[in-house]
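Report on the structure given below.
Going by the order they are written in, the chains are A, B, C and D; count residues from 1 in each one.
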C-alpha cells in the first residue's frame, strides 16, 4: 500500500511537471528548462523551510512564485527567438541552474541539501494542485486568453493579425509554466526530504516533455494521461521498469510517426463527448465546445 | 510524346486538378494558360514528380511515369524550369550550370552544350564567378533556362518564365522560347499568364479554369477566342472590342 | 605558458569543430536540429574503443573503421527515425531525435555501465619538447586528423559533384529534385558524413581523456551546439572556426578565472545564451559554405 | 476616405516590390485590387495590416497614420483581414476560431479567468460565443461550429476565416483572393456573402483573380503591375483599358 501511495505521489508531481511543459507549449514554445524551474522551486522552498522556518504551503508557493519570476526574466530574451534557438536557450538555462546548484555551498553544493521537513500528506497536496490545475486549464480553454495562447502556438502571424498581443501572451505562458514547475519542485523537495542537483538534469526535462508529447499536446488531458500512464505502467511491469527510458525514447519516435498529436487528441475528446451525451440522452444542450 | 490522361492531383485533402488530359507532340510548343490558382503550376509539378497524382496517368514516350521521383523524371529527359526560377542563390553561376548537367557524365558533350548556352546568353559568361543570388531577375531567368538546357531535355517544362520580369526581358524570354523551338528543335510545355505573347510562340494551347481544361486548340484560334479574354478579364462576350 | 595553452585550446577546439560540423551539415540540409548527434558521438567513442580492443590493429586502421561504423549508425537513425515522419507536424523531427537520444544514452548505460570505461592506449605517448612547449603525440594526432578531415570536407563540399548536390539540397529540396538530384540519397549521405565526423571526435576524446562514459554525449553535444551557434546555423566554415574559438576561450577561462568553482561549465552556456539573445544568426551568418 | 495610401514604397533587400503607390479607399464601397502575379498586391495588404513596414510613404486609416503601428493594434482600430492561403488555427474548433476574432473587443485576463467562484459561464464569454455563432450563421456554417477547423472543406475554411475577421467588427475588411480554389457554385455563395458584408456598411478591399466576381461586385478597381498602379476606375473602365489588357494578356 505504501508503495502504491509513493508511486501515486510521484505520478502527481509528474502530472504537474508535464502540465507546466504544456503551458509553455500552448504558445508554440518548447522548453527544456522545466527541470531547471523545478529545481528553483525545490531549492527556494527548501531554504524557506530549513533556514527560515516558513510553513509548508507558503514555502512551496514562494518557491513557485520565485520560479515564475525567473521565468519572466528568462522569457524576455526568449521572446526574440523561436524554434530551436529557444530550445537551446532553455536547455542552457536548465544546465546553468544545475551547475549553480552544484557550486552553491549554501545549499550543500553537489552533496545535496538535506533535512527538509517531510510532508506526509504530499499525496493530498500534489493531487490538490493537480485538481487546481485541471480547473485552471479547463477554464483557460474556454476563455479569451486560452484561445489566444493556442492561436499563438498555431500561427503567430495570424494570431497577431486577429488582434492578439503575442509578446505578452508568450511571456505570460512562460512565467505561468515556470510557476507550475516551481510548485512541483517544492512539493517534490518536501517529499524527498532532500534535494541534489542531479535530480534536475536535462534528462528529467526531457522526461517531462515525453509525458506531454506522448499523452497529447492538443488539450491538457493529454499531459495528465501521459504522466499517469508512463509513471504507473513501468512500476508494475518489471521488464518495462528496467527498459523504461528506452521505451520512452521508442515511444516518442513511434508517436511522431504514427500520431504526432499524442494519444489524447482533440478528436478523442470529441468522440468521448459525443458518446457521453448520447449515453445520457442529453442532446446538444451543453456548451458546444469540446472540453 | 507526352500524354496525360484523366489526371487529378492536389495538396492535402483538396484537389487542384480534376481529370485533366493533355498531349504534347515531339517538336511542339504547347502553352497552358489560365488565371491564378487554375492549376497550371500544379500540373507541371505533377509531371515533374514533385507532387504525386491522386488519379490518372502520365505517359512519356509510351512509358508510364506517374508517381516517379523527380530525379528519375529528369533522368528520362523531362526537365523543368521551375516557377520562381529555382536559382541556387548561394552558389556561383558556374556551379548552378554544373548542377544542370548533374546527371550527365559526357564531359565533352557538357563543354559543348555549355558553349551553346553562352552563345544564347552571353551575359552568363560574364557573370560566371558571381553568386547567383546577386543576379537580376532577367539574368536569373537566363541562368534557369541555360541550366535546364544543360540537362539535355527531351521535353522542356517552363513555369511562368516571364513572371516578375521587366517588359524588355519578357520580350527576350519569348524570343528565346521561339528560338529554342525553331533553331534547336526543343519540345516545350509552357505555363504562362502572359497569354497573348505565349500563344504567339506556341503551336497549340490549353485553357485551364479551376483545375479543368475548358478550352483547347491552335494558338491562333485561341488568341481570337472570346472565352480567353473572358477568363482573364471577366468580360462578357458582348463587351469585347479588341 | 600562453603558447602551451594555445596548443591545448586548439586541440580541444578541433574536436568541438568536428562535432559542430555534423550539426551544421544536418541543419543545413534538413533544417533539423539533430538532438541525438551527441549520443552518436558517444556511440562512436564506444565503438572505437571496442574495435581497438578486439582487433588490436593500429589506429590508422581502427579509426576509419570506427568512422564507418558511426556513419552507418547515423544512416540508420535517418532511415528509422527521420524519414518515416509525417511532414505536417514541424516539431516531429526534433522530438523524434530526442527519442533517439534517450534510447542511445540508456542503452549505453546498460551495456557499459554508468561509470567511466578505460580507453585503451591507442597510440604510444611521446612528448616532444619544442622550445618551452611540451607537445604530446596525442596532441599532434588530434590536431592533424581534425584539420585533415576539415580540409577534405571543405573541398568535398566546395568542389565535388556530390558536394554541390548537398548544397543544392540545402537550398531547396524541390529544386534539387528538378535538377536530377536524388534528395533522399543526399540526406542519407549527409547523416553518414556528419555521424562519421562525430565518431572521429568520440575516439579522439577517448584518447585524450583516457576514459569515456555514456554521458559524454550531452556534454559534447552542448559544446557542439554552442559552436554551431557561434559559426551560424548551416555554415560549415563557421563551425570550423567557431570550434577553435570556443576551445581556446575555454582553456583561457580556466587559466584566468578563479578555480575553486568550476566556472568553465557555465562559461560555454553563458556564451551560448549571450549569442542566442544578441546575435542568434551567429558571428558568421547562416549559410552553407561557398565554393 | 476610410483608407488613404500615399506614395508607398516597399523594398525587399534592394528589390522594389512597390513603388510610389497611392490609393484611396472610399467608405462603404467594395474596392478591388487586381493585377498579374507578382504585381505587389499581397505586399500592399501586408503593409496595411502591419505584417511589413513601409520603406517610405504613409498609410492613413480614418485620417490617422497607421504605418509603424503594431499589427494587433491596427486590428483594434478596425482593420480585419483574411489570407491568400487560409490560416485557421488548426487545433481548434470552428467556433473557437471565430470567437478568437473578438479577442481585442474583450478583456478577461488570466487571473479573472481562473479566480471566479461561479461555475457558470462568465457573461463576457457567453457574449463572445453568441457573437461568433451569429457570424457563423451569417456565412452559412452554423452546423459546422464544433468541427475541428482543419477538417472542413477548403471553401468552408475560407468562409470561416471571413467570419473570424468579421467577429472583430472591422470597419475595413481586407480579403486576399477569397475565391481562389473555389468552384463556380462556391464562388457564387462567396459573392453574396461579400455583398451582404458591404450592405452592412463595411468597407471591403479585396484582391481577386476571378474576374467575373471582381467585375460583378466592385465599385472601384485598382490595377497594379510591376509594383506600380497602372489604372483605376469602374469595372467598365478597367475592361476597356488597353494598358490593363496588355498587362494581363501581354502584347499582341
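Before moving on, here are some points about what is shown:
Here is the rule we use: contacts are C-beta pairs under 8 Å (C-beta built on N, C-alpha and C of every residue); 3 or more make two chains touch, one makes a residue touch a chain.
This structure is a prediction, so every number in the text was calculated from the model and none was measured.
Chain centres here are C-alpha means, and the one lying farthest from chain D is C.
For the pair chain A and chain B, the distance between C-alpha centroids works out to 53 Å. With centres defined as mean CA coordinates, chain C is found 43 Å away from chain B. Chain centres here are Cα averages; for chain B and chain D they lie 33 Å apart. Computed from the mean C-alpha positions, the centre of chain C lies at a distance of 49 Å from the centre of chain D. Arrangement of the chains shown, judged by which pairs touch: one closed cycle in which each chain has exactly two touching partners.
Pairs of chains that satisfy the touch definition comprise A-C, A-D, B-C, B-D.
Residues 13-14, 16, 35-37, 160, 162-164, 166, 170, 193-198, 200, 210, 223, 228-235, 239, 241-242 of chain B touch chain D in their complex. Within the complex formed with chain A, the residues of chain C that make contact are 33, 80-81, 84-86, 88-89, 91-96, 98-107, 218, 222, 225, 229, 261-262, 265-266, 269-270, 272-273, 276-277, 280. In the complex of the two chains, the chain D residues touching chain A come out as 49-51, 70-72, 75-76, 81, 83, 87-93, 95-96, 99-104, 106-110, 113-114, 116, 121, 124-125, 128-129, 145-146, 148, 164, 168.
Contacts from chain A toward chain D in the complex involve residues 135-136, 139-140, 142-148, 150-151, 153-155, 157-166, 172, 176, 218, 266-267, 270, 287-290.
Looking at the complex, you find that chain D touches chain B at residues 36-38, 153-154, 177, 180-184, 209-216, 226, 236, 238-240, 244-245, 248-252.
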